[in-house]
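Input: one structure, supplied below.
For clarity, chains are labelled A, B, C, D and E in written order, and residue numbers in each chain start from 1.
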Amino acid sequence: DEANEVTLQLQWVTQSQFAGYYVAQDKGFYEAEGLDVTILPGGPDIAPPQVLAGGGADVMLNWMPSALAAREKGLPVVNIAQPYKTSGLMLTCWKDSGITGVEDFKGQTIGVWFFGNEYPFLSWMSKEGISTDGGEDGVTVLKQGFNVDPLLQREAACISTMTYNEYGQVLDAGVNPDELITFKYEDQGVATLEDGMWVLEDNLNDPVFVDKMTRFVRASMKGWKYAEENAEEAGAIIIENDETGAQSEEAQVRMMQEVAKLTAGSNGALAEADYQRTVDTLLAGGSDPVITKQPEGAWTSVITDAALK
Amino acid sequence: MSEAQSVIRAKGLDLTFQTNDGPVHALKGVDLDIKQGDFVSFIGPSGCGKTTFLRVMADLEQPTGGEITVNGVTPEQARKARAYGYVFQAAGLYPWRTIGGNIRLPLEIMGVPKSEHAERVAKVLELVELSGFERKFPWQLSGGMQQRASIARALSFDADILLMDEPFGALDEIVRDHLNEQLLHLWERTQKTIAFVTHSIPEAVYLSTKIVVMSPRPGRITDVIESTLPRERPLEIRESPEFLAIAHRVREGLRAGHSDE
Amino acid sequence: MRSILPVLTVVAAILGIWLLAVIPMNMHLVADQGQRDGLVVQPETPAERQEFSGLGLAMRNPDLIPLTYNFKRPRLPSPQQVAGEMYDTIFGKKITSKRSLVYHGWVTLAPTLLGFVIGTGLGILLAVGIVYSRVMDRSVMPWAIVSQTIPILALAPMVIVVLGSMGIQGLFPKSLIAAYLSFFPVVVGMVKGLRSPSGMQLDLLRTYHASNTQGFWSLRLPASLPYLFASLKIGISASLVGTIVAELPTGARAGFGARMLVGDQYGQPLVSWAALFAAALTAAALVGLFSAIERITLKRMGMAAA
Amino acid sequence: MMYVLLAFGIWAAGWWLNLRLSNGSSAELTAVKIAVPAIFGLTIVIVWELMVRGFEVNPVILPAPTSVLARLADEGSILWADFKQTVLKGALVGYIIGAIAAFAVAILADRSEFLTRGILPVGGFMAALPIVGTAPILVKWLGSDWESKAAVVAVMVFFPILVNTVAGLKDTNAMQRDLMRTYAAGYWPTLFKLRLPSAAPFIFNGLKIGTTLALIGAIVAEFFGSPTVGMGFRISTSFGQLALDMVWAEIVVAALAGSAFYGAMTWVEKRVTFWHPSQR
Amino acid sequence: MSEAQSVIRAKGLDLTFQTNDGPVHALKGVDLDIKQGDFVSFIGPSGCGKTTFLRVMADLEQPTGGEITVNGVTPEQARKARAYGYVFQAAGLYPWRTIGGNIRLPLEIMGVPKSEHAERVAKVLELVELSGFERKFPWQLSGGMQQRASIARALSFDADILLMDEPFGALDEIVRDHLNEQLLHLWERTQKTIAFVTHSIPEAVYLSTKIVVMSPRPGRITDVIESTLPRERPLEIRESPEFLAIAHRVREGLRAGHSDE
């Protein structure tokens, strides 16, 4: 029934990045809250905000830059919980490309994810005053596909990677960590929040919905904490839920171990300081800022307050 | 004239096609009277309107002027009353139906009771000497046999009028002679009225009670020759002086029409 | 049957080229890996090796050549690697297993067939409308052509969201994309087919004073069958492509499309290649099936030997 | 509600107008032949606009045609840059390479029955390889720029053109071939003076199918890696940014370009195969 | 016999087609001698091997037995020497070439210098009375004109032998009469050797110096009739007793061949 059914839209295919939710499902945490949760995997052409707008999901996972941009576009989404405390995004570069610091990016080709995930990179470059239109003094940006081939094939000097996923794949391909140099957004002071839970603003006026979300967030966080501590088991649960049958357990366990480092600092509640840092980074976008003004009401602690009580 | 009834009567018939190259006068001021039981041949050079005239009778083409009646009513009413059977130049059998199936086609469409089909098919197949070929597909038959099957198809629903547009044009002379003979027999037995388009002078003379000579640009009738040959016509009649005389007159008529090109 | 030998010859030629291409295609990666594993590689740094072509590198390091055929993350997997992967995932797994290509084949096949039925049905209806109505002919046909210039992969996500918002999920959205791709060849073919009866054949029915319906069933439809079959063969493979395309934005869960994506993303080219070939084989099988049905039907109708 | 009723009204009016036009006395005029589909298209657009307004559809799901139009007007330079990248480089180059390759293979296959029998089924198998599988591979091999897009397009258009060309080359009738034999004509004169001209209608059939495939291929391949320009890049990026008016603006450009390409090919076909009964 | 030279000489010619329904004896034991300047017609019912025989002469079909020479050499050598022009039943003009272009086709292929083309085209167009139609496309001409153009095409490279397979089969009688007359003139003027297949007895008699009557299953020659008509033949000759006598003999020959079916 309506009061207990929740549909969650992920922003990528089933993997340990979303372990908390799968664990909560598998371990019966949702059931214990009386919830009937459907998890919708994402894919390369799924824009979770659009699914939310279309009513295909009650709650979505999204990176904050993308969600705030959607908010400015007229889709009033609100962050209700933030299980990821730190950013896992980084640039991974060949050392032998001669890159030792950010200033060496000039004249290089860099792979970036688009689809709403380009905002952190653009903000960073604008902060550094590096043009993204190519040429001697700028970087040539490549829209990166879903794999790490542009780096392996040496089409790009750097590509975007997540600490928990693509970076591991570069290593899996046989590359030695000391052949590489990495730039974590977190270390560069341009980190933006990732993988928050977002809902439509209007729905928050509905007490039934708020109650449902409270239970959902509570159970999800329980799932996250369980997953952090039981990486092996979480990896196995992911494998069980991966319908493609193409994932390897080993990789998912490793991903869980890395993800745990990012979620460890969060009990689910969004820290205002993190939020503000994200907003400031995005607003600093120079001539082409991601958002143009301070968002109002883009997050709420109502749900987490109730859930963590 | 008083005895036999008029079956097809045209008066001042005109038909102009509008084409990209301007109007084509396919028929101009055509008058003709075909009586019950007549065998009328239409002969003339290519483009003189033979086919067009036949199609007007069949309500497949609308005249742009003049009058025409078929069985005393408009061609459209006659068509809807299924007053005639039409035989095209090529057999045009449907390849996905057997010979029997092709002959049954008009019966099905006209709602003839199923129970009668078998009998009728057998009857017309016998008329055209194709008994035993009912279950063959068209491509299993020679061209001449296909053409006979298409005649059988036109006969199956027993219309009083038979309109035939160069039915034997594609066949060789020997087969053609044979079919001509058979057609004459059929005509005698059934007393149908037949309008028959041909390019061949001997064929026209051999078959007809009346030969209509036409001429092109504009399409019109230049001569109507009543045959003096008896109804009973062995093939040998074609070497008789009487036959040759009529043939000569037809040829003269044709040449006259042709010379003004 | 007479085609077996020629096909085998061409396949052999392609395999030959493929086998040769494996060496230069994978050489750089193999050299990099070889170096990491402590082998002696000429020249010594990856950056220097970039100066050489794959072939040039192979000449300088002939002992590395065998390794190109068994590389874990090849640019171009060797035929035996692909064959091995296909064998494992088709025959080596229970067909209910998520790791079985047979299972994924079924996941893809079901919406393909449904979409094909929808697309074909719509296509035939549209073709009938176009043939019998001038307005339809004039106004719809140009837009049917325009519809094919729209990149469906771009539209698919939106279609899926809109359908999702109406509560429609699962098989049907994929089928709809499949239907979109398969309807066009059917429309084009059927319009041609329904119009294929000659003026004479149509006139014959007019002399019988046959109704439009009678004309449709006794003439236009049977005459269009050869065209229909030709369209169906194009339509079924278009439908399969549509489903696979739609498998990405429906949330890449299962099916050939999801396997291709996930294989690509997680650096498992063999998974992608096996799914790719399995998809093509499925298409070939479907087309073969329709060819067989076509042969039987046309033969029964007495049209095959004509 | 008003909007919805109005939409129905406009739909009915458009249909009625088209009925009048196409069954009227001026139905054969070129102007009317163009007007009828144009009215049909216009009706759809207006109905769409009214529906979007009437049901207050969220623009991140389906934008109104007017806002798409506004994007088309405002973003001309971006659209043009994308068009150049995707259509002029990716699609066109790929199309030309694919067509030339198809001709070459067709002529090769045509020299022997054996090759034809071998190449056609294998070609059919290759054509069944779905683009979402081949595009990532080609991007991996040829890089993210337009070269890989051209390769995807070439692969996609290759088979339809090949099949049609092979069929066309076989289309000469026995009499036409015997005529060449009585002249003791060799292979090449026969090819150029008889078989290619008579194959032209078939070849154009393949070329026309190829036009729409080329555009779709070039756009879709950009989803799997591209520089930061191109229609597929813009569609996917704008979609991720929920700028659906921009997505639709690109789709409109794609449809226009595709239709123009198709139309141009039809025009060339008319000029080259003027002699074929279907063109007279 | 000593004066005119043998152009085509067949001795015990056999040709058996292997078909799915078993072997078809298209030609069996065919002996024939055609002299320089002869106009030889081949007549016979459908399937008697007329076309096959002509195609053997043209090296379009390989005999399975017996001997045949054309201009004293094998048909293949003769073909490669471009010794003959071949006219098919249908005009078979290439629709993408103008009439002039069609006539130029053999000239281009045979490497006749470009400078001569215009003159040759004009000459043969005049021979077939088509001057002024050089720039028209085939479909802009009537069937008869197309057939004349195809004859012009066969004449353009001035081979000594003309092989014609029912060239006028598809035309109406009037046009046919006219083309027959023209063909006779052409033959007289050019002194070519002509082998001509037809289904029409009057046509065969009117045109030929020698009429070869054939019969099917197996295809063979049943009669060779030397014409006693003068070389100069007005159309009216067809009503002369001499003409009719020859026609009668041909018809008898045909019927005899046909009866054993």
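Just so we're on the same page, contacts are C-beta pairs under 8 Å (C-beta built on N, C-alpha and C of every residue); 3 or more make two chains touch, one makes a residue touch a chain.
For reference, the UniProt names are B, E = NitT/TauT family transport system ATP-binding protein; C, D = NitT/TauT family transport system permease protein.
Here the structure is a predicted model, which is why all the values come from computation and not from measurement.
By the document's definition of touch, common neighbours of chain C and chain E comprise B, D. Among the remaining chains, those touching chain B as well as chain D are C, E. Centrality by C-alpha centroid: the chain sitting nearest the overall protein C-alpha mean is D. The pair of chains sharing the greatest count of C-beta contacts is C-D.
A straight line joining the Cα centres of chain A and chain C is 34 Å long. The geometric centre of chain C is 18 Å away from that of chain D, both derived from CA atoms.
Put simply, the C-alpha centre of chain A and that of chain E have 85 angstrom between them. Centres computed as Cα averages put chain B at a distance of 54 Å from chain C. Shown for chain B are the residues in touch with two or more other chains, of which there are none. The set of chain D residues touching two or more other chains comprises 61, 136, 140, 223, 236, 239.
The set of chain C residues touching two or more other chains comprises 75, 153, 157-158, 161-162, 165, 248, 261, 264. The chain pairs satisfying the stated touch condition come to A-C, A-D, B-C, B-E, C-D, D-E.
Residue ranges of chain E in contact with chain B, taken from their complex: 45-46, 142-144, 171-175, 199-201, 239, 244, 248, 254, 258.
Of all residues in chain D, only 15, 18-19, 22-23, 27, 33, 36-37, 39-41, 44, 61-62, 114-119, 121-122, 124-134, 136-137, 140-141, 212, 215-216, 219-220, 223, 232, 235-236, 239, 244, 247, 250-251, 254-255, 257-259, 261-262 touch chain C in the complex they form.
Note for the complex: chain D touches chain E at residues 173, 175-176, 178-185, 189, 193-194, 197-198, 200, 273, 275-277, 280. Within the complex formed with chain D, the chain C residues making contact are 2-3, 5-11, 14, 25, 75-76, 134-135, 137-143, 145-146, 148-155, 157-158, 161-162, 165, 237, 240-241, 244-245, 248, 256-257, 260-261, 264, 272-273, 275-277, 279-281, 283-284, 287.
Residue ranges on chain C touching chain A, taken from their complex, read 29, 32-33, 36, 45-47, 50, 72-73, 75, 97-100, 103-104, 153, 156-158, 161-162, 164-165, 169, 248-254, 258-259, 261-268, 271.
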